[in-house]
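One structure coming up, written as structure tokens, with questions to follow.
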Amino acid sequence: MTATFLILAAITIAGTVAAMAMRNLVHCVLALTLGFAGLAALYLQLGAQFVGLTQVLVYVGAVAILAVFVIMMTQKPAQTTESIFSSFWLTGSLIAALVFAVLGWAIYSSRLTSAIVSPHVEAAVRPIGDALMHRFVLPLEIMGLLLTAALIGAVVVAIQEKRGSA
Amino acid sequence: MDEQLKTELRKQGIVATTLQELYNWGRKNSLWPLNFGLACCAIEMIAASMARYDMARFGAEVFRPSPRQADLMIVAGTVTKKMAPQVVRLYNQMAEPKYVISMGACAISGGPFKQGYNVLKGIDRYIPVDVYIPGCPPRPEALIDALMALQKLIDHQPLTGADRPRHLRADAPSEFIVPGFGAHDLEPSQNPEVWNAPLVNISLAGTDDAGKH
Amino acid sequence: MFGEGILKGLAETARNFLGSYVSKKRLTTVQYPEERLPQIEAYRNFPFLVYDGEDWQQGLRCVSCFICEKECPPKCIFIEKSTDKKPDAVGKPQFYPTVFNIDVSVCMSCQICVEVCPFDAIKMDTDFELSTDNRFSGLLWDKKHLAKSNEHYHKIHPTEAAVVDAQLAAERAKVAAKAKAAAEAKPAAAPATPPPVPAATEK
Amino acid sequence: MTNSPYFPVLVLLAAGVGFAIAPLALAWIWAWKFSPRKPGPSKNAIYECGLESAGDAWIQFHPGYYLYAIIFLVFDVEAVFLLPFAVAFTGLTFAAGMAMLVFLLLLVEGLVWAYQKQVLVWS
Amino acid sequence: MIAATEPIRILPKSRADGGEGQFLEVSMGPQHPSTHGVFRMDVVLDGERIVKLKPVFGYLHRNHEKIAEHETYLGSMPYTDRLDYFCSLTNNWAYALAVEKLAGIQVPERAEYIRIITAELTRFQNHAALIGFLTQDMGASGTPLMYAFRERETILDLFESLTGARMMCNYMRFGGCRVDLPAGWLDHAKKFVATLPRFLDEFERLLASNEILMARTQGVGVLSKELAVNAGVTGPVLRASGVNYDVRKVDKYGIYDRFAFKIPMGEHGDTYDRYMVRLLEMRESLNILNQALKDIPEGPIVDPKTRIRGFKPKPGEAYGRIEAPKGELGFYLVSDGTSNPYRYRVRPPSLMNLTVLEQLCIGRNVADVVVILGSIDIVMGEVDR
Amino acid sequence: MHSAIQQADQIFVALQHRVAGYLPVKFQSIADVILSVIAIVLVFAFLFAVTTVLERKGLGRIQNRYGPNRVGPAGFFQPLADGVKSLTKEDLVPRAADQAVHFMAPVLLVIAAFLAYAVLPVGRNMVLADLNAGVLFFFAVGTLVELAVFMAGWSSRNKYSLLGAMRAIAQMISYEVPLVLASIVVIMAAGSLSTVSIVNMQTGYSGIWPHWFVLTPWGFAGFNLFMIAATAESNRSPFDLPEGESEIIAGYYIEYSGFKFALFFLGEYLGMFATSGLAITLFLGGWAAPFSFLTWIPSYLWFFAKLLLMIAIFIWIRGTLPRLRMDQLMNFAWQFMLPMTLINVFAAGVWHFMPGGVIRWLVCAVLLIVPAVLLSRGLKQGKKFEARTYRFAE
Amino acid sequence: MTLENIKSEVEAKVPGCALEIVANPSPSGQHSLRIDPAHAVAIAAFMRDAEHLRFDYCSNVTGIDWPGKEISEKVKVKKLVDGVEQEVEEVRKSQTVGHLEVVYHLYSMEKKHGPVILRMRTEDRAEKVHLPSLTSVWQSADFQEREIFDLYGVVFDGHPDLRRILMWDGFKDHPMRKDYVEPDDYEYEPTAHDEVLERARQHRTVMGAQ
Amino acid sequence: MSSLTSYLLVSALIFSIGLAGALTRRSAILVLIGIELMLNAANLNFIAFWRYGPNPQALTGVMFAIFSIGIAAAEAAVGLGIVLAVYRHSKTTELDQMNSMKG
């Protein structure tokens, strides 16, 4: 457990907490990008360069933008003063705390965690490509199918009024 | 006063002077005008930035459309009463330091149109003007001349002291009241904070000008 | 349709870019304060009062007839007439302006004052470097500021000034002849003859 | 830590932050020392061509942008899968190339569908 | 005191169904880089699409007409310069024409020639500058505008050496012109006019076949023939819509019937047509200029009967109009027999052409609006007077 | 290679090691890094200053005028004056604005712009971080720009800036995919995401001709597509819609004044340099000399010469072309750029699986030209943009 | 196609309308046709649509203000003076009712003839200032009628969007009327003329009182 | 505490934060973001297990993470699209109100 890790973890958690707790939705998304970036840095630290950069590319570059768009398209003209949390926030946070307690307990008590640290490894891109084209060819095609389905589905869901206006 | 303190002071003085020179040099060579034309004079203003006169030589061709990024407001043309609040607001929204060149007769005094009911008799009723260029419209060279006059003006502005320019003083205002539209005229019809012209020489009217006509 | 138009445009700008290093036609900038275009003779900016001879007060051609003041479209001229008379350019005793103000912050350089002046007393100057930081002291020109010599007039508008001078000389000769004739007839009446000013009667 | 390949990036990041912040700090010092900031109600109002800005800019926006964002997202992910393939490409067999082609075609199919639905025509 | 400029509420804040996103109400202008002066459009946007557009003007209302009622007939002449400040000479002409009609004054032949020469030069520089501004509005960083102004400066030099001023010429008088052509002016003008076709070629190469320009202008802002006529649109904008109406041909004012020239006509009525019609009109102007510069006779330049001062036309009224570069410029004068006009009215082409702006812009993009506005060619001095 | 040439080539690297060598061994690697970072920051900031004045002078020359020539020798101190002015200018933040986000936007933009230089090899052995996934790093960092622009436009709470921000995001996301896809052809050929190895792939020569990727059909097409996308990504004319002056005044940075505004300018130009640099790295052989007999000129000079050339082209285009409209821009991205880049990937694949020779060239060229023609037809959507003939009335 | 022809034709086609030819004594010879507001739209539509007239283009729309004049006439009145009825000459002053006039200049783009000038009058200048709008016939009248409304105060019934066009919305006066009083904003005039000077003096007294 | 443990703890924390957000926030958008966070937490687990697992050369964890990112992206697209669609229907993104406006 190094200083780098601590800093990155702190940034990540701060980002995610802020993302979940801030009032202004755009601020939430901006905080979220910080969290995503922190996670990406953690991946990089773990030697998964490709995944880390992909995380930035997809989450910061695309998902956050998507969320921002949706916020822009659904925002209210006036800021509401009422609570940003739902009526059962207490139950919700209790459940979350419980989950964390269970998970933490599990992690802490698990024997897996005492596994030996392997030497420095790095997930180079080329083996990833090889693996993708051989071992994971079927998931890849399924992924393609899924993405196409998501594309069509999301567009169909969002398109409705477009036809109406055109 | 011992020797050491003296040299120290001198050093600081030099620093202050070079700082002032650098500051004035930077300001005067980077006068970005607000992209804003009102009437006829605006065409000569455009002509001044075109190939033949090329205001760009002075680094002043960066016409910024947003007042936030502009340093110089060239009031080029007739300011009507309907437009005056907007002009004042644009001036207000510029960031300090900001300068105003009142270009042409109309902007200075209403010019040929000052007899009109909708024409403001000089933009200096609402905002402070640094340089006036007479002419209807002034030649592009005259605008460049005014720009150089403004540069000279900036060059002589001290950074500290009592006679430092307005934008360096904390107590001097940086924005001025935006006139509102009244039922017959702008309200107020001038801003006494800025407009300190001599009142009309009533004695003139009082004199017996029977011999006049 | 696949970018030829764009390429043509690019070629045109490239030609101008490169041409600017070799051809004056492609680099039309006149670097103003140092370089100047040749003064165009007809150019006018603001009026001035012509005076003949050395003394600007004596030689002023203006007889304060108020025509220019009346005809000035933006009403930027203000004249006050003298109570006494003094000889004018032609030699006739005339009124002269005690106050002659032009507010150049109002003047629209329309030249109508010059056109209507029957005395060739007011002409258009060509100076345009008039930037000032005070509109009251800088742009309200009095008689002293406005008075410029006939030589100055010759310098800025040579052709026009020559014509004016010839006219004036002819008129002067005519008046002199008339005066001579009058002097021979009744020596005392001649100086009081009013000048042929059509507008003066209208006033 | 300094052996990490990301250390230079980190230093560059710091330099970038410094490069952005330093002049702002300098400007702030200048403003504090010499040229006081003078905010005002009209000065710090929103600029709108010289008029008083009426109504909020933060309004509910036209949803046309969203469709582009979706397609962008999908193709972004596609590019993520394409990159490792491209890196490994020189060592790959024809069959692998075909597999990728199938993957691509699947996505292109979505694109073609979007064409036909006129989604990709900016309104 | 009334609260300062509230933009006119044109529409409710969001549409009834509420699903498509709210409308954004924006005022473009009065200070906007491409509203050609102090023009304002209150625009309601749906995304980037224009849902509603209301032109708002009066920001340059300088009371020209009211002032003219207090001025002598001659005194209004310099004020006409400042109407459409690009084309002071055609404004002069239109006003002179109206007064000549009112008072029944004849113009000597040489003066008519000078008028045509100056008017066509004015038309040329106006169109050149307009095309420059139009491309500027399209986002070309000033290059075509600079080229246009390069030629314009030379034309202004010609004006200056003739009239004494670059822009505000105040040159024409009732019954003729103020001064005769200075020595060497004609040769100079001939030489210069001979270089202008080369400039037009350059201009065309630079832009006319540019794909981006075509994409930005073709099919944008289509003005139908019927609407154009009904809305009183005149000038190149009208002719781009395919209506053959040019006051130079219809009224044959001045001596335009002596010159052979053609009227370019558009078919689609879109922005590209308006752009091209102007380019072609510039060529026709050169045509007229060449003929006029060749044929100009010697003679007086002003009707000797006209007086500069004390000009008092008989009671009555007259409407005189010419084909100004922007369209039909008319002056309507009512005389009550005094030296000041009782009523002085300018029929500005820019204002009339603006009538159709709203119809042209609805449903288009923000980017189209500035292009359409640019192609209509307005000058606020004329719109607001 | 002669040692003198080699020395000249490696002079900065050697200098760096020499300076670092004065320090204890423990700090040497850190010093190395810090020195290169300083060099990068200073060089590119300087390049920014020079480019602004070159752009203004170049535009001036295109437009028959001088451009800035009074401040300092030949006007080259102009950016300095602008800098001093910007530094001392009042910093205005609208009252209604989101202050924190408003502040962070330009900072983030500059950071993102600088980060991209980490993986750009500006000369032989002159790269800050030779990352395994260098190209991917570049694109990942590039996404931060979108975020910064959105933050600027949104936080200003100005209608025009918001329009500008929405335009900017829509434009950037639309051209990001083509940008990535256009570079994939190079990655396929190079078999690596590392910028250094991509350049190394291109340093060889056949006769005097270099092995640049741009000299293949797919490389040429890829280069053009990449440059178009890069122009759009860096908001340069004719794709400068987000700040389209004539339409939305100043776009997303309309409310920025003082040095924050200067930072936007800086970020934008740095972004332009970075994408140009990547284009050079991917397609134009990076720091490699264009002909084998010119290899004696130091590698970094070649890189910057190419960079300046790219900048000149950017300026040239800016001086000539009008701006596209939003719908045309978007349609161009999705209906032309995206399919073309995909086809280009396919063409590169075909190239790989075909034996060398003229036939390969032909097949590849046909594979690219035919869809290009068809797609540009489709772009017009039935509308025919063409020069028209006009009738004249007598 | 003389004005008389048009007049008789219109009178035949639009029943009940009153037309009057207004002669123009000036050399321009542009005589005009005064129409009654009640039938204005019908007349205009006829002028536009009639096959041989086709005045499809309304070039110019203008307002003119004709304020009421004071007419003094001498009248002989019988009066009881000192109980005796005498005939006394008396000056009787009467005020004519002023009116606002709107002038339309029509041309035909199709037939290329014109102009034909139409005029309409309001009943007075204060209350009965309503006239029908011809915007429905010629769209070109839109802005110009708004302008007349703004500057003269003629209210055009049936105009689609009758708002002030040149002055701001809160403005109260109609500045082109002959009796418009200009706002007092003459604090300073470097070259004062009599009238201006007088205003400035008044202003000074007003301002000085504060 | 070993490295793996700490990564897993961070992951668990992020998961819980995401869960808490998803359960407590009223805005549907933030609920979706919470779910995204939970997915991300899983990704961190994949990477950490790959890194500290017995056979890092197999890249299984990395591949899992990549596919997971792809799926998460697809989920975000569809999820946010649904939010948009629901918003169009009920003019709100707040879950409470969505419930109350059922039908």
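Read from first to last, the chains carry the letters A, B, C, D, E, F, G and H; within each, the first residue is number 1.
One rule holds for everything that comes next: a residue touches a chain if its C-beta (ideal position, glycine included) is under 8 Å from a C-beta of that chain, and two chains touch if they have at least 3 such contacts.
Just so it is clear, the structure is predicted and the values come from calculations on it, not from any experiment.
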Q. Going only between touching chains, how few steps reach chain E from chain D?
A. 1
Q.
Counting C-beta pairs in contact, which chain pair has more, A-F or A-D?
A. A-D
Q) Using the average of all C-alpha atoms in each chain as its centre, how far is it in Å between chain E and chain G? A) 28
Q. What whole-Å value do you get for the distance between chain F and chain G if each is reduced to the mean of its CA atoms?
A. 65
Q | Separation of mean Cα positions, chain H and chain B [Å, integer] | A | 58
(Q) How many angstrom lie between the centres of chain B and chain D, each centre taken as the mean Cα position? (A) 41
Q) Which chain E residues sit where two or more other chains touch them? A) 2, 4-5, 13, 19-22, 24-26, 30-33, 48, 58, 61, 63, 66, 78-79, 82, 143, 146-147, 150, 153, 168, 206-214, 384
Q | Set of chain D residues in contact with two or more other chains | A | 6, 34-35, 38, 41, 43, 45, 47-52, 56-66, 69-74, 76-77, 79-81, 83, 86-89, 91, 104, 123
Q) Residues of chain B touching 2+ other chains? A) 35, 50-52, 54, 57, 65-66, 68, 82, 86, 90, 93, 96-97, 109, 112-113, 115, 117-118, 136, 139, 167, 174, 178, 181-183, 197-198
Q. Which chain F residues qualify as touching chain D in the complex?
A. 29-30, 33-34, 36-38, 40-41, 45, 86-96, 106-107, 110-111, 113-115, 117-118, 128-132, 135-137, 154, 156-162, 166, 169-170, 173-174, 176-177, 180-181, 184-185, 187-189, 191-193, 249, 254-255, 258-260, 262-263, 326-327, 329-331, 334-335, 338-339, 342, 345-346, 349, 352-353, 381
Q. Residues of chain D touching chain F in their complex?
A. 2-3, 5-9, 11-13, 15-17, 19-21, 23-24, 26-28, 30-31, 34-35, 37-39, 41, 43-49, 53, 56-58, 61, 65, 68-69, 71-72, 75-76, 79, 82-83, 86-91, 94, 97, 101, 104, 108, 111, 115, 120-123
**Q.** chain A residues touching chain H - in the complex, by the definition given at the top
**A.** 1, 5, 9, 12-13, 16-17, 19-21, 25, 28-29, 32, 35-36, 39, 42-43, 46-48, 50-51, 54-55, 58-59, 62-63, 66-67, 69-71, 73-74, 83-89, 91-93, 95-97, 99-100, 103-104, 107-108, 112-115, 117-118, 121, 123, 127-128, 131-132, 135-136, 139, 143, 146-147, 149-151, 153-155, 157-158, 160-161
Q) Of all residues in chain F, which touch chain E in the complex? A) 59, 62-65, 159-160, 162-163, 167, 237-238, 240-241, 244-249, 318-328, 383, 385-388, 390-394
Q: Enumerate the contact residues on chain A facing chain F in the complex.
A: 24, 26-27, 30, 33, 40, 49-50, 53-54, 56-57, 60-62, 64-65, 68-69, 72, 122, 124-126
